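There are structures below to look over.
Paired with subunit B in one complex and with subunit C in the other, subunit A is shared by the two complexes that follow.
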Partner chain A sequence: MPERQGVWLYAVTRDPAPEVLGELTGVSAETPRLVEAAGLAAVVGDVPLSSFGEAALRRNFEDLDWLAPVARAHDSVIVALIDRGPAIPIRLATVYHGDDRVRHLLEHRAVEFTRALDQVTGRTEWGVKIFLAPAPDPVPAAGGPSPRGAGAAYLARRRATLNSREHQERRAVEQANRAHAALASLAVDTRTHPPQSRALAGEDARMILNGAYLVDNEHTLRFAEATAACDQDNDAILVRLTGPWPPYSFSVLEEA
Partner chain B sequence: MTRSLPVPAAAERPIALIDLLDRVLAGGVVVSGELTLSIADVDLVHISLRTLLTSITALQPRDD
Partner chain C sequence: MTPGQPVVASASQSGIGSAGNHQPANLGDILERVLDKGLVIAGDIQINLLDIELLTIKLRLVVASLETAKEVGIDWWENDPWLTGEDSGVRAENRQLRARIAELEAAPDTGEESTRDEESAG
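Coming up: the complex of A and B.
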């Protein structure tokens, strides 16, 4: 008996480029293909339900060694499509039972997909992560050992450190808000993701803003320069640009 | 203010991966309701981030 397959969704586009699909490798090492309806094309891949069915996915998502290449393959298919024209990325791990279901989706949500495609056409998502800059070393208390003893001196130093850290954090948040406002003025839309955990991000600085900005392609350079300027001009924060991204953060289907 | 971070080599992959997971797990169109198999939910994001955390905290100083 052949293994049962599911239909994994990568993206929906108006301008399918079938010739590009042959060069791509999907999440299950399959070659993606098109399902077309209502003037739209869904880029899909056939995946075995033994690995990509609901129960299997729940298990596999616990396994970073499984998840990482799948996330990268999903992204790389979408990136290749976006290189050829606007596409709406679909959330990772969206699996249908068959092409009929996919066609029904395209027909049923055609107006919303079209509107979403219009919104991202000629625009690119950029990520900006803002971190708390490492605090300057606190000024050591003058005059050598305190007459009140080492314990009191330690507490005084500790209090001074905490005060200066609190002050530094307040300044960082103000600077981050100003930076976000400046960057948002160059973007047609913005979203903020929850800040990443320090351990997860592999950074030893704390993230205070994890923003996504949808920017007109003609303003790409201005946006990159503005990001660099935010980093340069604000001493309490570190500002890092990521991207270009497919419009993951700006792909929403609004009800017609 | 750029400086290099003392990150163990084994943690280099998740550094970029976390930015990607931010987007592929929390972004993109959600077409739930139309789905016959829907696992793209908040629980899942939670599960995978927990997985990431446990894989990486062995290599990294903890948040505190």
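Coming up: the complex of A and C.
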């Protein structure tokens, strides 16, 4: 008896490029295929429910060794599609029982999918992370030992360090806000996500802004230059550009 | 949409590294986007990511809520068995409420007094 399969959804597009699918490898090492309806195409993969059913997913999602390659495969299929034309990326682990259910989805929500595709057509998502710049070393106290003794000197130094750190953080937040405003003015739409933890960002510096910007493709260069300028012109922050991303942050089905 | 070269902001002396490469390789970034962003639609099989603590990787991700799934509108919880899978949180409450409704519907006309009594007892 063949193993029971689910239909894993990667993206919805209206410009299917069947020739690209053959080169792709999906989350279960399958070759993605199309399910078409209502002038739209869902890019899907057949996945065994033994690994991608509800109970299995719940278990597997706790396992980074399982999750990491699945997340990368999901993303890489979507990235390949986006290179060929606008597509709406679907969140990881959206699984249907069969093609009919996917067709039903496309038909049922065709208007919203079309609107969402219009919103991202000719545009690209860019990520900008802003970190606190490493604090400059406190200026060592001039002159010899403090007349007030070592303890008082220690406290004074400590207070100075704390004050300067607080001051530095305040300046960093101001600079980050200004940078965000400057970048937002070049974007069609923006989202600010919660700053990533150090573990997630893989960095020692503290993230203070985690923005996503939907930018017209013709303004890509300007946006990249503006990001670099924000980094250079602001001494209290580090500004890092990531992307291009599929429009993960801007794929919403808005009600009419 | 393919800028010819990486557009890396400068000042990489801090070891922030090559974020901004054309092809993002940072697993954290990818996980954040595929788990937390992307279009949420209700599949037939849908795991409630709020239940997943991702303990092994200790990543704090803001994840889909049941409310979000509800907003985009396919009432998959009505006809799919997964709701009955585990006794936690919303599901347990949901089941209790359904049981309570069934009970009230099944009950003969007992009047308000006794209904309240049952409620406070339960």
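Heads up, the rule we're going with is that the second predicted complex is superposed on the first by the 248 of 256 C-alpha atoms of A that agree within 3 Å, B and C clash if a C-alpha of one lies under 4 Å from a C-alpha of the other, contacts with A are read in each partner's own complex, and residues count from 1 in each chain.
Here is the rule we go by: a residue touches a chain if its C-beta (ideal position, glycine included) is under 8 Å from a C-beta of that chain, and two chains touch if they have at least 3 such contacts.
A quick note: this is a predicted structure, and the numbers were derived from the prediction, not measured.
Asker: With both structures lined up on subunit A, is it a clash or a fit for subunit B and subunit C?
Answerer: Aligned on subunit A, subunit C clashes with subunit B.
Asker: In the superposed arrangement, does A:101 touch subunit B (first), subunit C (second), both or neither?
Answerer: A:101 sits against subunit B and subunit C alike.
Asker: Looking at A:124 after the superposition, I want to know if it touches subunit B, subunit C, both of them or none. Which is it: first, second, both, neither?
Answerer: A:124: touches subunit C, not subunit B.
Asker: Looking at subunit A, does subunit B or subunit C touch a larger number of its residues?
Answerer: Of subunit B and subunit C, more residues of subunit A lie in contact with C.
Asker: Does subunit B (first) or subunit C (second) touch A:241, or do both, or does neither?
Answerer: A:241: touches subunit C, not subunit B.
Asker: Is A:251 touching anything from subunit B or subunit C once the two structures are fitted on A? First, second, both or neither.
Answerer: both
Asker: Have a look at where A:88 lands relative to subunit B and subunit C in the superposition and call it first, second, both or neither.
Answerer: It touches subunit B and subunit C both.
Asker: With both complexes overlaid on chain A, does A:67 touch subunit B (first), subunit C (second), both or neither?
Answerer: both
Asker: Examine A:228 and indicate which partner it touches, taking first as subunit B and second as subunit C; both and neither are also allowed.
Answerer: second
Asker: Just checking: does A:220 make contact with subunit B only, subunit C only, both, or neither of them? Give me first, second, both or neither.
Answerer: second
Asker: Using the superposition described at the top, list the residues of subunit A that contact subunit B and also contact subunit C.
Answerer: 6, 9, 12, 53-54, 57-58, 61-64, 67-68, 71-72, 74-75, 88-97, 101, 105, 108-109, 116, 127, 129, 133, 193, 196-197, 199-204, 212, 231, 238, 242, 245-246, 248-249, 251-253
Asker: Touching subunit B in the complex: which residues of subunit A?
Answerer: 6, 9, 12, 53-54, 57-58, 61-64, 67-68, 71-72, 74-75, 88-97, 101, 104-105, 108-109, 116, 127, 129, 133, 193, 196-204, 206, 210, 212, 231, 235, 238, 242, 245-246, 248-249, 251-253
Asker: Could you pull out which subunit B residues touch subunit A in their complex?
Answerer: Its residues touching subunit A are 1-2, 5-7, 11-15, 17-31, 34-40, 44, 47-49, 51-53, 55-57, 60-63.
Asker: Tell me, which parts of subunit C touch subunit A in their complex?
Answerer: These residues of subunit C touch subunit A: 1-3, 7-11, 14-16, 19-20, 22, 24, 26-41, 43-47, 49, 51-62, 64, 72, 74, 82, 85.
Asker: Subunit C touches which residues of subunit A in the complex?
Answerer: 6, 9, 12, 49, 52-55, 57-58, 61-64, 67-68, 71-72, 74-75, 82-83, 88-97, 101, 105, 108-109, 116, 124, 127, 129, 131, 133-134, 193-194, 196-197, 199-205, 212, 217, 220-221, 224, 227-228, 230-232, 238-246, 248-249, 251-253
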